[in-house]
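Notes follow once the structure below has been shown.
Labels for the chains are A, B, C and D, by order of writing; each one numbers its residues from 1.
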Amino acid sequence: MSVRVELGCEFGPLRLASPILTASGCFAYGQQFDTFMDLRELGGISTKGISPLPRHGNPVPRIYETAAGMLNSIGLENVGVEAFLAEKLPFLAKLGVSVWVNFFGTDFATYVECARALGHGSARAKAAGQAGIDVLEMNISCPNIKKGGIEFGTVPEVAHRLTKACVEVTDVPIVVKLTPNVTDVVGMADAVKQAGAAGVALINTITGMAIDVRTRRSRLATTYGGLSGPAIKPVALRMVHQVASALPGFPICGMGGILSGEDALEFLIAGAHCVQLGTINFSEPAAALRVTSELRSLMADLGIARVADAIATLRPHPTEPEHTPP
Amino acid sequence: MSVRVELGCEFGPLRLASPILTASGCFAYGQQFDTFMDLRELGGISTKGISPLPRHGNPVPRIYETAAGMLNSIGLENVGVEAFLAEKLPFLAKLGVSVWVNFFGTDFATYVECARALGHGSARAKAAGQAGIDVLEMNISCPNIKKGGIEFGTVPEVAHRLTKACVEVTDVPIVVKLTPNVTDVVGMADAVKQAGAAGVALINTITGMAIDVRTRRSRLATTYGGLSGPAIKPVALRMVHQVASALPGFPICGMGGILSGEDALEFLIAGAHCVQLGTINFSEPAAALRVTSELRSLMADLGIARVADAIATLRPHPTEPEHTPP
Amino acid sequence: MGAAQLSATVAANRPLTGGYFVLELVTAEANPIAEAQPGQFVMLRGEWGRDLLNGRAFSVLQVIDEHRFCVLLKVFGRGTALLQAMDVGDRLTVTGPLGHGFAAPTSERKQLLIAGGVGLPPLHLHARRAVEAGQGDRIEMFYGGRTAADLVLTEELDHWGIATCLATEDGSRGVAGRVTVPLIERLDRARREGEAVELLACGPTPMLAALRTIGLARELPTHLCLEEMMACGFGVCLGCAVPVHGPKPYKYCCTDGPVFEAREVRW
Amino acid sequence: MGAAQLSATVAANRPLTGGYFVLELVTAEANPIAEAQPGQFVMLRGEWGRDLLNGRAFSVLQVIDEHRFCVLLKVFGRGTALLQAMDVGDRLTVTGPLGHGFAAPTSERKQLLIAGGVGLPPLHLHARRAVEAGQGDRIEMFYGGRTAADLVLTEELDHWGIATCLATEDGSRGVAGRVTVPLIERLDRARREGEAVELLACGPTPMLAALRTIGLARELPTHLCLEEMMACGFGVCLGCAVPVHGPKPYKYCCTDGPVFEAREVRW
């Protein structure tokens, strides 16, 4: 049974042209992909993480490939809020796709400051008749930030306070990007939901390492880095399903190792409202368009007319006939 | 520079003929591998997890392959303490390799009961002039046990109490097998160390899932399962290094995705005193012997004469020349 | 169990109709697969990266000599696609023979063999062995597929003079409809004539489920060759559990099976 | 930047001495790599599983026409091993041309090209282009390896009449020792004769580090073609950072480079 498929969908209050977005840190600020694809076909773009001031990255080496994955310790390098608003946002705003600005601070105050500044920037853009920022994606994971930062992503109370403070200083919906490096991801999601987050994005990278046995040095200058790619997909899918089951209806943006339309559909069925593609963009700059068309035809084959008809529809296994020992 | 390599090594009080062991649940009780290799060349064998009473496994499907990994929800199926001591231990004891008996309970009392029963069994065997049990590997992860159990592996205080109780009822050294599904693996390792554990084994599988988009069912009857194989190696290596750095000298048995002698050496350099091979045994029943000889020749090439010369020897990266903006 | 893991090379990769293909594998040393019983299987793994982790299970189709044997495949997912792409001379790892197969025909009962799709190899090998033992008249073959192209290696069956009934759902070859239709007629005849028969079947699970019902209803010995997800193939991963009645709730497809009695399977 | 990602097929896979091999790739449509400058590179990826995730970077060795170009490789790890195993007709994905290459010779300064190992392609292409532009006399090549087998594609250099100095550490071909030995003699001569020269180099990092020291000491324009770990090749992963002096502590090998000025590199 083949049906006409509508990819337009909702993420909480937001309307998306497609559930396929690109992930923070894997799509820069969009421009570089202009030569490879028509960016307007994307559901949205999540930018490289922005901090109040420009940040330089970590020492090299910063990346290394592992089995079906890669480690990175880029170090949240970015141009800073001011340059972002002046030089990067206008390009993104012109595309007409949903603009998700990933941001972070180095402490409580700078997180709030960053949210406020980006919110103002968005308001100014709108006042000037341009499109603004659709989502502030707050990265509380920061696997690559050394000093402090860790509690923001791992202690529910701290995440709650931080989210609340940021929500209060801006009208732009805040989606909190969660780290998988926790015992209880549901507790984290619930805490930020209570604090007024418009949704959650998960997962960020899993902290890992690799060693060069000849030099006896880590493959990364920072010793540890973030693991991404297909290797982590089962963990991402599990966490999306855990959060979707515990907080029904709460918007989830799922990601982690998505390479194909089938992968994307797995995330929707698990409970994601939309998904982001990360690492795959490096080896295949036009991957998002391929994944989008794969998803469309797969949904058609399976008779799924609307994205909403797939979201959080995991079915239980039939129970086996009872075993009665003789 | 090629040197003569001695693979004999210490794990705390224990003497091992080689740092290459086989992992729990991936080597059954050893017999099936007899036709594929000379088991006496192993550093040791960790058995399928034993519980006081026999346990049946989970409904099917129980396994599924993912990118460079596999998910399983076997359900800790085992023959129980009594049958293990009567039918399985004698075979293992005759091999002359280090015998690690992986065990678990379904609650506090049954954990302690299991440790006591296995300890007595080992004492009886020794009294009868046979070799006994060298290590009780306490699995506090149990990703596949439904009711309760989860706190044992994730709350340091609970793990401390449980370990202490088990250590008190047996003379056999207890090595606690830790789950990676926690925010702070060092906190867990420290808690069981304080409780008298002889060492830690890490990592167990990472909880994950996969979905069949056509049936909209999980690929596993239990919805979630444990992810193992090369995909998780970077996470395992990171956790071994974290624990080794925080608790210098505390014996660590490292595992997670080891396929080669080079993989094994990475774990030793990260701080493991010995390693276990798990998933690789399924596709290559004699893998442990290949990995052992690969490790031997690699150590020879690198001029590492003894295993102890590799353990916890990760070197820092040279710092880059300072950057002085003009 | 006498199984071994050896390295083999592809001696031939013969495409058949319907996307089926036969891999002929050769090992340097004599291999134990030469003694394989019909229904026994091997685990195959190419020199793939770490992406595809475990071997894939395939029933022995034919033993040429103690160095050579064949398997019949159809592309299912990534592993079988990689196997289809293999060229003569490519190396892979073989583990086997594994599991327990079908018992040879006896004088008491006529054996009705029912095959569907990639379930053909065990029964094809069983027929071959029966003929070699001069028992070709003790068996009859029922072989079904969606369309004519799905029915492969039937020439040999004819050549051996095995009574064979073919069925295709689209009627493009043999009887039109499921293979169970002519089978039921045959069973009715056996009942009328008081002829003792037993069923040996391998194929898609829905087909086996239908045959199980038929076999139980008519109280016929019914031997089913099952498929389960397998990681190891030799009894250690416990992944291939088959729900059964009896003292324990599960048996293992790779060691207790893959051939199970219809009445013991808990479906 | 005019780069594109296209699918290409292997037109030839020519083994050379010393484990080196040349892949000739052809694309259906005309490809932008035809305009590649010496030092520009492509990212190559075969139809591998999910195990090897990212493309691998290779400098353009030769452009045959707007459909065909060549790269020179040596097996380093798994990706290059898979590329070596590729047969004519195998498909792979090409992204390029990427980065910025070497500037063409000028009338002011003689260009001394120093190549080591897989660093040959940029300088080999540079020499080819110089000859095509009638500037063959404005360049000289210094090419070093461990042993004679490591020196490949030298016939073409002779054929073009490029002044070439070969060096092998074991003395099996050309001058005995590191290539820096004859280079320093050449630089001394240039200094004596007041000849203006500049250095263009590509090869193992230790060699580039040595040349950097030499170039800085003698205050010569020194252009180094660097290698860094790369995931994307077009400026988005920020993995290929190169420590530099100047306003920012890092530049990017794939977009700012791979050619950098010796004095800006922070080593």
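Heads up, the rule we're going with is that a contact is a pair of C-beta atoms (placed from the backbone, for glycine too) under 8 Å apart; a residue touches a chain by one contact, two chains touch by 3 or more.
If you're wondering where the values come from, they're calculated on a predicted model, not measured in any experiment.
Undergrad: What's the minimum number of touch steps needed to get from chain C to chain D?
TA: Shortest path length, in steps: 1.
Undergrad: Which chains make contact with chain B and with chain C at once?
TA: Shared contacts of chain B and chain C: A, D.
Undergrad: Can you work out the whole-Å distance between the CA centroids of chain A and chain C?
TA: Using C-alpha averages as centres, the distance is 47 Å.
Undergrad: Report the inter-centroid distance (CA atoms only) between chain A and chain D in whole Å.
TA: The mean C-alpha positions of chain A and chain D differ by 37 Å.
Undergrad: Calculate how many whole Å lie between the centre of chain A and the centre of chain B, each centre taken as the average of the chain's C-alpha atoms.
TA: The answer is 33 Å.
Undergrad: Scan chain A for residues touching two or more other chains and write them down.
TA: Residues 59-60, 67-69, 229-230, 320 of chain A each touch two or more of the other chains.
Undergrad: Listing for chain D: what residues touch at least two other chains?
TA: Residues 49-52, 243, 249 of chain D touch two or more partner chains.
Undergrad: Considering only which chains touch which, how would you classify the arrangement: line, ring, star, complete or other?
TA: complete
Undergrad: Chain B touches which residues of chain A in the complex?
TA: 59-60, 66-69, 71, 154, 181-183, 206-211, 213-218, 221, 223-224, 227, 229-235, 237-238, 241, 257, 262, 265-266, 269-270, 298, 302, 313-317, 319-320
Undergrad: For the complex, which residues does chain C have touching chain A?
TA: 49-51, 243, 245-247, 249, 266-267
Undergrad: Going by the contact rule at the top, pick out the chain C residues touching chain B in the complex.
TA: Contacts found on chain C: 1-5, 43, 45, 49-55, 93, 95, 228-232, 234-243, 248-250.
Undergrad: Of all residues in chain A, which touch chain C in the complex?
TA: 67-68, 320-321, 323-326
Undergrad: Along chain C, where are the residues that touch chain D in the complex?
TA: Interface residues on chain C, with respect to chain D: 48-52, 78.
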